[in-house]
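Both of the next two complexes hold chain A, though its partner changes from chain B to chain C.
Our next item is the complex of A and B:
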């Protein structure tokens, strides 16, 4: 089913709501619940530079952004051998799906300096990259990730692709931020352990321990051709990539030389 | 224009001093619209700026058309715009600063001519901040915004101001075109580099990070910087820059500005760990000394009330950003937040007095430590760690520091220095006890235990008190130089190592008491022994709370000074001479 713009049309209507609230399976996952929740165990240090930060000062976010999570599934779909067209369709379908993330209950950020190769200012073709150092942060998590996809706006066959791709997702954010798949289930509602966008329809609240971060997500016009790093097309803020202020349910509890510790209230 | 409400929020989206500067700048702008107080309040997610009344068109029109910071004139190419009020001729000012520094460095009493010269060359209060702005290359964007503000007519300015304030209120981009760019002094997370929407290039001349710039918010940061930030140059040639920014918890912007101004005037001295720690303690002291309810003989800041609060409830801490020189450029190498102490609430004048005593004592101890000695800089780093830590680990860090400081004191007290003898100050038992008891109430069972107190007193008498008596050539018992080290070492070992050490010490201590009494033929010539009940009680504590905690408390309190102890201390160290500033 296609919309006027040619993009896949989102399933809507009371029937969809009823189906999600019923115990019957959707995409092979028994219900009830409109949130399709994937669980992952962090098995490596996590890092993902905030979009505002430049390459020189890689301040990390504490959670992967919805953009990073969606892109991890698209990447997994390619690696799992799905046809290119379906991968593109998956990306476009995900562009309208809300994702909310529940981080592990404890996180410690360590800062360090790493040696990087940086593009030469002089543009010397024989030495295009030179050595430099850059500020980087890495997060150690204790606990599990939960990534919740809203099934309300997701076609069943796309949800099935997600379920099939989920075990193939082995890192999110900066390469090397490894995770291990640990199962999938559905939930009717999400509690305060999940992130909450401040621009959503519901009144947002700040848990006693939380902070706000600007997380990026697929924009309404996101397509594989534009977002692919290998295509020359320009991505535009607001159209292909959007930034949403989001409440992250992790608050600062301790700091020390070279580290910051965050924990969850609930 | 519709009413914008009486509260504006600046979200903590960067987690750096950029958010604080924007909030303070916003409060500074809004304070010009009203005679009433404008308060900055911190919560988990944002800084809220609250006026006493909703902001309407007439209130915005009362905000004068001025940038709120000086225009930096550098060379002939950057002539100030017409109508510029506060222009700093950088080269002329720097010459004046050099003359001023030279005059001050002369130790000889100044003659009339020199005094006159000094008066002529009195530096601007914000000269250091201007230097930092220049060194970190923030002046160009600040000048551009300055020019954009003063070069339009009043009606346009107020319209732009309304547009900016509406954008802040709604969390949107202002859409203003003032030519601001992101620079690392105001955006430590966005120095030179790229922030592309997709990873398709690593060009170093990429300008994509500028997409994040909102000129209105940048303008607020420039204002905030000149209101509350301060910093200094450090390193062998003064080539590194350290920027410090107080984080408001609940304070009016004018009081925050006044406290920051007073702190800028304080010559704290020392390298980064010492300066950072002293800045925090001095800031807490200034808040109490200038509070409306507890000021004594000091000018008070109207509306700055401490009643029932601690300094941490007024200013939550300081954000410190270090810009390390890498030769051609300076890079962010450290960002940290030190908390202001919130040891106990100030409910009455007695509490305020106790606070000032504690702060004064801690500052005296830190000033006496020399940060060009490896063992002493380690102590300074550990003290700063105590200020960094939060929750219960804060008390652990303090106890660890006190134990180490006791060992250091034993070694340093009476050692030769500058032709005399070194007399570093000691912490007072009662003041330390109050901090620990208020912050870790679970420890009161240990600190109130008679066995613990008897052993701690015995340790004190055999170590620091004996050392202090020796320094004034008074009769003293044998000094146990190794005891504190042994206790510190054994408290972390598994098994009964701590109890064995204490048992051995107690037996020697009691035997020594008996010998003193016998030699002097006076039963009161020696202090009371550690009794069997005392030792049994101490052992029960170790069994219940573990050797690590009881040992840490024993080292800490066993090396503190009791009020009746002899006090011979060094005079406070003069703050270190300011590091030279290098500008490139």
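Our next item is the complex of A and C:
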């Protein structure tokens, strides 16, 4: 089903709410609950540069951004063999879906320097890159990830694609930041262990231990043609990619030379 | 073995007296790489670690001669282990990316710049190392080949890994400044401290066999089926060699003692990824098996897990995979 603008139309109406609040399955996952929650176990050290980071000083976020998570599912859809058109529809459907993340309860960041290759200023076409060092951060997590997708604005067949793609996601953020899929279920409500966007319709609160980070997400006009890494089109801020101030339920509890430690309040 | 889409290795490697990865030097003291982790009791621990970049480097060092032996093409940069692979010392590739040329599409010849997918085809066809290990081309536009092999940080287990600093002296009869007492015996000796670490290390890696030789843009094979298979076999052998000989830093005098190796090799015969689990947990081998059960419930028979207790058993499993694997779509 497509809207006048050609984008897939969001399911709406009281019937939808009733279905999500019933115990019957949606996308094969029993209810009740409007939140489709995927669980992953962290396997490798995580790193994802903040959008404000420079290439020389790459501070990391403590959670993957909604953009990174959604793109991981689109990538998984391609790898799972879904047709290109359906992968494009998945991306467009996800552009209006809120996702919220519950990080593992403990995290410690290692601050370090690594060797990188950087475009050389010499302009030698036969030696385009040169060696350099850059500040990088890596996070070790203890606990589990929970990634929750709002089914309220997601068509059932797209939710089914998500459920099928979830086991194909084996890393998020920098390569080597492995995660292992561990199951799916639905929840009626999310507690304060989940991230909270500050631009949503609901009031938001800051848990006793938390910090605020600016996370990127798909914008309202996001399409595969624009966001594809291999597309020459430019993604425009506000249209194809948006930045949302988000409450992350992990607070700083200790810091010292070479590390910062975070934990949840519980 | 049949068709292999991906291979995942979760292993514990006992390395003694090694210095495979160092951050740099402060004064006359070399600093090894340490990372902070949360241990099984919930306490923060500082442990020695070897970066995934270092293990990728080791993997590539083993892979290049294997690809040469298999007769697979290598770019001038790849042949000399240049980290920029197809980008380095390669004027023909520069011309291909930056100059207009003739392309035949649907029987019609058109003169234009190469498109991203055509540059990626060229990368895979001209350099088997770029195909497997990846590279980023930034000539007027960015075309990235994502590596088909991925390594996580190789992290020491808390309480079971130690790092010590050892005092060394290098005899330097010439070139010492007078301020150091060049005329004396002490002045001709350069004193320095170097680390050596010993312990149990947690290794995770993943090899996407199904992507070898396949263009990420068109998702079609860019090289003949025989080449894809030869490259996949070389990649599996290089993984085995990486475990057998971790060729990192300081091996001229601190070649690591490999005391033991145990773990689990997961092989996926569908697009579901082969599961991996962090060997920092004592339950990692069981967890890999449990993840395989979850995936097999979705697609029966798609994931097989084989555990190994010794390095030789691990080699045997990887050798069996290499000998009988088929690349999907090839």
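Here is the rule we use: the second predicted complex is superposed on the first by the 266 of 266 C-alpha atoms of A that agree within 3 Å, B and C clash if a C-alpha of one lies under 4 Å from a C-alpha of the other, contacts with A are read in each partner's own complex, and residues count from 1 in each chain.
Keep this in mind: contacts are C-beta pairs under 8 Å (C-beta built on N, C-alpha and C of every residue); 3 or more make two chains touch, one makes a residue touch a chain.
Bear in mind the structure is a predicted one, so any value in this text is a computation, not a measurement.
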First, second, both or neither for A:81, with chain B first and chain C second: second
First, second, both or neither for A:114, with chain B first and chain C second: second
Touching partner for A:254 - first (chain B), second (chain C), both, neither: both
Chain B versus chain C as contact partner of A:127, first or second or both or neither: second
Contacts of A:181 with chain B and chain C, given as first, second, both or neither: second
Touching partner for A:22 - first (chain B), second (chain C), both, neither: neither
First (chain B), second (chain C), both or neither touched by A:229: both
On chain A, the residue positions that both chain B and chain C contact, one per complex: 113, 119, 229, 232, 254
List of chain B residues in touch with chain A within their complex: 11-16, 43-46, 171, 184, 188-195, 197-200, 202-205, 209, 211-212, 326, 331-333, 335-337, 381, 385, 388-391, 393
For the chain A and chain C complex, residues of the former touching the latter: 41-45, 78-81, 106-110, 112-115, 117, 119, 125-129, 138, 140-142, 167-168, 170-171, 175-178, 180-183, 229-230, 232, 254, 258-259, 261
Residues of chain C that touch chain A when the two form their complex: 10, 23-24, 33-38, 42, 44, 46, 51-53, 83-84, 87-91, 94, 116-117, 138-139, 141-144, 146-147, 150-153, 155, 204, 206, 216-217, 219, 271-273, 275-278, 287, 291, 294-295, 298
Chain B-facing residues of chain A, complex: 50-57, 59, 111, 113, 118-121, 133, 135, 198, 206-214, 227-229, 232, 234-237, 240-241, 245, 247, 251-257
